[in-house]
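Submitted below is the structure of interest, expressed as C-alpha cells.
Letters A, B, C and D mark the chains in the order given here, with residues in each chain numbered from 1 onward.
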Amino acid sequence: MDIDRDTLQQLYYYLKLTRHLEDRVTSLYRQGKVVGGVWTSNGTEAVSVGFSYALEKDDITAPYFRDMGAFLIRGITPRRIIAQYFGKKTGVSGGKEGNVHIGDMNFGVIGFPSHLADNYPVAAGAALAFKIRGEKRIAAACTGDGGTSRGDFHEALNLASVLKLPVVFFCNNNQYAYSMPHGKQMAVKDVADRALAYGMASEIVDGNDVIAVYTVSKKAYEKARAGDGPTFIECKTMRMHGHSEHDAAKYVPRELLEEWKKKDPIQRMEKYLIENNMVSEAEMKEIDERVRDVIEDAEEFADKSPYPEGKEALEGLYATPIGRDKES
Amino acid sequence: MKEITYVEAIQQALWEEMERDDSVFILGEDIGAYGGAFKVTEGMQEKFGEMRVLDTPLSESGFTGAAIGASLVGMRPVVEMQFADFISCAFDQIVNVAAKNFYRWKGRTPIVIRAPYGGNIHGGAFHSQCPEGWFFHTPGLKLVAPAFPSDAKGLLKAAIRDDDPVIYFEHKYLYRRIKEEVPEDDYVVPIGKARVVKEGSDISVITYGAMVHTALDASEKLEEGGISLEVVDLRTLLPLDKETVFDSVKKTSKVIVLYEATRTGGVGAEIAALISQEVFEYLDGPVQRISAPDTPVPFSPPMEEYYLPQVEDVVEAAEKLVAY
Amino acid sequence: MDIDRDTLQQLYYYLKLTRHLEDRVTSLYRQGKVVGGVWTSNGTEAVSVGFSYALEKDDITAPYFRDMGAFLIRGITPRRIIAQYFGKKTGVSGGKEGNVHIGDMNFGVIGFPSHLADNYPVAAGAALAFKIRGEKRIAAACTGDGGTSRGDFHEALNLASVLKLPVVFFCNNNQYAYSMPHGKQMAVKDVADRALAYGMASEIVDGNDVIAVYTVSKKAYEKARAGDGPTFIECKTMRMHGHSEHDAAKYVPRELLEEWKKKDPIQRMEKYLIENNMVSEAEMKEIDERVRDVIEDAEEFADKSPYPEGKEALEGLYATPIGRDKES
Amino acid sequence: MKEITYVEAIQQALWEEMERDDSVFILGEDIGAYGGAFKVTEGMQEKFGEMRVLDTPLSESGFTGAAIGASLVGMRPVVEMQFADFISCAFDQIVNVAAKNFYRWKGRTPIVIRAPYGGNIHGGAFHSQCPEGWFFHTPGLKLVAPAFPSDAKGLLKAAIRDDDPVIYFEHKYLYRRIKEEVPEDDYVVPIGKARVVKEGSDISVITYGAMVHTALDASEKLEEGGISLEVVDLRTLLPLDKETVFDSVKKTSKVIVLYEATRTGGVGAEIAALISQEVFEYLDGPVQRISAPDTPVPFSPPMEEYYLPQVEDVVEAAEKLVAY
C-alpha cells in the first residue's frame, strides 16, 4: 500500500503524542498528582495508533486500556484525558471515571470496562447494527493476549463469524498478562491460532511497525466493509513497563526487554521517515513541539480545572431518569 | 378492546414496536423460524426478516454484549433469554457493562432483556428461578415485572422506548393462564409506577408478578371473613415507586410483602426495609414477608407446592396480622 | 483395538437399555406420569455408552442431558432414574431434581446443571485434582454442539490445555442445537476444529458406531492417564427426536432423518455382533429380556414409591448446616 | 500473641491450612511467583509448589468451575479473585453450579472464593465494588466478611474447613491499615456467629467489613455527647446470625444498619426487614439505613468520599435517632 507523506507524519505524531502523554502521566503519578493507578502502552504504541488511524470517521472502536493512541486519534483531547487522570470535572467522564476508562460515542469510542474482553461482543454488536442497517461502517475492538482466554472472547468471535459481521478484532500481544507469560496463558504459539476455531481470517503483524499495523488494519477493514466478514489480527509486541506503574515487573527477563528495546516503534518510525525522506528536519521539529505544547497545555488545563462536587456522584445514573427514584 | 392473554400482549407489544421503529430488533436462541421456546416470536421472522429477528449461537454473554453494542450505535435490541435462569451467563455484561455505561461515560444503552421467569411449572432448579433480586441490587438497571396482559403490553413498549437497560421479567406461569381486555392502540405503561389493583382497608399486600394473582385470590377469600386487603402491584421493581407503596401503608397501617423469590435479600426485603424506615410511625404491626424459602426451586410437585407461596399462606398471615 | 466378546455384548446391552428406558419414559410422559419435560438421546446413544464404558471405575464423568448411557453404565439404577422422572422420594435426588439432572459422586457422576458447558470447567477441575494428587484417574465431560459456543467451553479447554490436565472433552454433535442447525451455531465445518485454538489434540468419530466411540475414548483416556494431556472428541451423530418430547422438530428436513435412520447405532451394533459371531441367539434373547425386566421393575418401583413430603424442600441446603440459619 | 495486620492474618490462615491439609490449594491470576496483585500469596508458590499455588489463565469462570470440580473429588480449593469486581465473570458457576450442587444432588463443593472488595482506594467503578449483595440472595452459599485481623484469620480457616461453598469478602482498604493481636495457634472463628464488638445502650449499629471501623469511630465521637452505640459486627452474612442482632435490638430498641454497598437490595435491606418483622415490638424508632447511594462507585476523590458512608453520617443519624 502506498501511504502518503501526510499520513506517515500523522502516524508518527500520534506515536509520539501517545508515548509522551503517557510518560508525562507517569511522572505526574510519581508526583502524586494522579488519582488511582497508571497503566501505559509503553513500547506497544504502534498497535493502537496503527489500527485507529486506519479507521474512517464513521467507524467505531472499542479500545482496551493500553490503547491511548486510539483515544487521541479519535479526537478525545489530551486536556480531557489528563483531567480524567486527575479526577477533575473537566475529565472525559466529569470525574465519574478515571485513567483510561474513556468512552465517548461522539467520537465513536466505546468505553472500556475493566473486565477484559467484555467489549469484544459489544463491538460485534455495533457491527451487527451496521449490518442490519446496511451501513458501510465497521467496528474495531482490541484486547490483550490474556484477554483472549476469557469466554467473552470466544462468544464474540463465534458470533461475528457466524453472522459475518463487519468487525475486526485486535490483540495487543505484549507477551505478558500481568505477570503471566504467554505459555501460562495459552498452549498455542500464536494468539492468531485462536481464530481457527471460528473459521475466521487472521493475520499476524509486527506490532512495533506502525505502518504494518496500519496497512493490515486497512485491508481488514475494507474486507469487513465489503461484507466479507471479520478478521482477527494479532499484533506481536512487548510491554516495556510493568503491568502498571506500581509493578516493577521483576518477572520479565532483562534480556527480553533489551532485545525489544532495539525494536522501539517510535525510533523505528523516525528512522523510516528520515531514511525515506518523508519528514524534513523542520517538520520533525514542528512535530516535537506540537507534542510538547499539547501536553503542556493539557496538564495546565487539568491542573486548573476544578474537582467535581461530592454530590455530583448522585447525578447521571439514568439516561431517562424517573421522577421517583432518587434516594432521600 | 379485545381480551388477550399475557403472552399475546407481549407479542402485540413486540410486533407494534418492530413496525413502529426500524431500530428495534430481537435476538436470542431459537427465536427465528422456530418462534422461540415459548413461541413468543412466532411468525415474526417471516414478517421482519432474518436480521431483525435474529437467531444467535448458544452464548448468552455474547449476544447480550452484542445487544449492548448495537444499542450504543442507535439500535433498540430486545434480547430473549430462553429461560430467565440462563441470564446468569450474561450477568457480567448486564451488571458491569450495560448498567454502568451511562454513569461512567454517558454511553446510552437502550436494551431490553426479556426474561421468562418463575415457578409452578415443574421446571426444577434451572427453569423456575426468580432472578430479579440479583439485578435489583445493581444501580443503572431498570426492572419491570408485569402481572397482567395490559401491563405486559404497556411496560414492554415503555421498556423498548426507554434509553436505559431494562430487564423485563415475564412470568411463564401467566403466559396462557390469564386474559384481559387490552387497548389495541399504542398503549404504554410508564416505568416507575406501581398500581393499586384492589383497594382495601385492613392490610396492604405489596407484591408483583404471579403473586399479584395469589394476593387477589387471598383477598377474595378473606373478604368473606370481613378482612379487606389492598393489593399493590409494583409493576416496576427498579426504580421503585415508593410513593404508591407508602400511600397504601399510610392508609392500612399493616403490611404483607409477598414475593415468589427466595426470601433472604430479595426485592421484598427492600420493600420491608423502606417501609420500616420511612413510614414507621404509620405501622400498626410488624411488616410481614411471605416468600419462597431459601433453597433452590425443588422439582417434585409436593415440594414445589410447599415451596411456593400459596393463597393459604397469605390468608393465614393476614388473619394473624389483623389480630395483632 | 481388540475388544472381547463380553465387552461387546455389554456395549450392546447398554445401548439397548438406554434406548428402551428413554422410550419407556417417553410413553410415560405421554401418559402424564412424568413430571416436567423429557429430553432423550434417541439416535445418539452410542456416544454416552461408548465414552462411559471406556472409563475405569475410579474415573469421573460429567455427562450432559443426552447421556443416559453414562448414568446407567456408572451404576445409577433404572429404578432411581424413573423415580427421579416421577418426582418420587426414591429418585436419585429424592425429588429435589428431575429427569436427567442426575449426579452422584458415589458413582463418579457429576450432576448436570442445565446451563450448557458449565460442567466443562468443572470436569477440568476434577482432572486438576487428580493431577495435583498424582493419581492416575481421568475425567470425561460431554456437551452438545451448541454448548461449544459458550464461554465456559473456551475457558475450560484453554485451562486444560495449558495445564495439560487428564481430561477428555466429548461433543455430541447431533447436528442441531434445539432448532439451530450447525451453520447457525458455528462457522467451522467440524466442531473438532474448535480444539485448534488450544493446541489440543482432537478426534472426529462416527457417533453412531459404539465400537468406534469406545475405542477412540479408550485411546484418549490412556493418553490423558499417561500425562500427555487432554483430547477433544467430536462424535458425529443425529438427534432423531425433537429437542424435547414436546417439540415436533418440523425444522429438521425429513430426508435428513431418513438418511440417519439407516445408521441407527443399535441396529448397526446388532448386525455387527451377529455377523461377527459375537452373540448367540440365546444371548441376544437374554439381553432383550434383561432390558425389559430391568425397565419393568424400575417402573414398578417408581410407581410404588412415595412422593417426598412438601416440607422436605427445606432440607439439605448445606453440607455443613449452621444452627441458626433455618427460616422461621 | 503478636500484632499483625489484616492481610497478614489472611496469609497466616492460608499458610497454616496449606500446611495442615494437603487437599487445600490455591488458584487464580498472578498468585504464583508474583504473589498476587495484593501480595497475599507471596512466597507461597516457592513453599508449596506450582500445582498447589496455581497460576491460571485469565478466565474467572473457568478457574472457578475448575475449583468446583476439584472440590467435588475431595480437594479444598481457595480461589483468588484478583478484585472482587471480576467475580461477576464467574457468577454463573457460583450461583448455579456451586450453590446448588449439594441441594440438587448432594454434590459436596467445599470451595472458598477470596474476594478482595470495597472502596476508599480510588479504584473507580471496577475496582471498588461490594458485590456481596448479589450472592446474599443465593441459597446454598455462605458469605463471610471479616472486619478484624483475628476474624480474618479465624473465618478463613473456618471457610476452608467448611463443606459448603464460601465467599470470603476481604476488604482491601483494611489490608494494611489495621493491626490486632491474633492467636498464633490454630484459631478458628465459627461461621454463622456475629459479634458485639462494642457494648452500648442507646442504639445498635448493625454492620460488617470496613464499616465496623466507621461505626466504632462514630461511637467514640458520640460517647462525648453521651450517646452510647452498641456495634454489632455481623462477620458472617450468610447464614445470618439473627439471634445476636435481635438480642442487641431488644436491648437498645433503636437501630442503624450500616453498609458500604449500594442501598437498594443490599444486605442491610434484609437486616432491616428482619428486624421490623421479628422484633417489631421492641422498636422505639424507625430502622435507619446508612449505605452508599444507588450508583456505581465514582472515581474522583470528592465524589468517592461523598459516596461512601462516613463517620459523620453515622453520628448525625444517631443523634437524630436518639431524639426520635
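General observations
As a working rule, a contact is a pair of C-beta atoms (placed from the backbone, for glycine too) under 8 Å apart; a residue touches a chain by one contact, two chains touch by 3 or more.
Treat the numbers as computed from the prediction; the structure is a model and nothing was measured.
Note: the chain lying farthest from chain A is C, by mean C-alpha position. Two chain pairs, C-D and B-C, are compared here, and C-D has more C-beta pairs in contact (counted per touch definition above).
If each chain is reduced to the centroid of its CA atoms, chain C and chain D end up 39 Å from each other.
Centroid to centroid, with C-alpha atoms defining each point, chain A and chain C lie 45 Å apart.
Averaged Cα coordinates give chain B a centre that lies 35 Å from the centre of chain C. If you average the Cα atoms of chain B and of chain D, the two centres end up 30 Å apart. Residue positions 57, 59, 61-62, 85, 88-89, 92, 96, 100, 103-104, 125-126, 139-140, 238, 240, 278, 293-296 of chain B each touch two or more of the other chains.
Under the contact definition stated at the top, the residues of chain A that touch 2 or more other chains are 93, 96-97, 101, 113, 115, 149-152, 154-155, 158, 162, 184-186, 317, 325. Looking at the complex, you find that chain C touches chain A at residues 149-155, 158, 161-162, 183-189, 193-200. Taken together, the chain D residues at the contact with chain C in this complex read 22, 25, 51-52, 54, 56-57, 59, 61-75, 77, 92-93, 96-97, 100-110, 139-140, 142, 162-164, 191-192, 238-243, 278. Residue ranges of chain B in contact with chain D, taken from their complex: 85, 88-89, 91-92, 95-96, 99-100, 103-104, 125-126, 133-134, 136-140, 238, 240, 257, 261-262, 264-273, 275-278, 280-281, 283, 285-289, 293-296.
Chain contact summary for the complex, chain C toward chain B: residues 35-36, 87-89, 91, 93, 95-99, 101, 113-116, 146-147, 149-151, 177-180, 184-186, 251, 307-314, 317, 325, 327.
Touching chain B in their complex are the following residues of chain A: 60, 62, 92-93, 96-97, 101-105, 110-111, 113, 115, 118-133, 139, 151-152, 154-156, 158-159, 162-163, 316-320, 322-325, 328.
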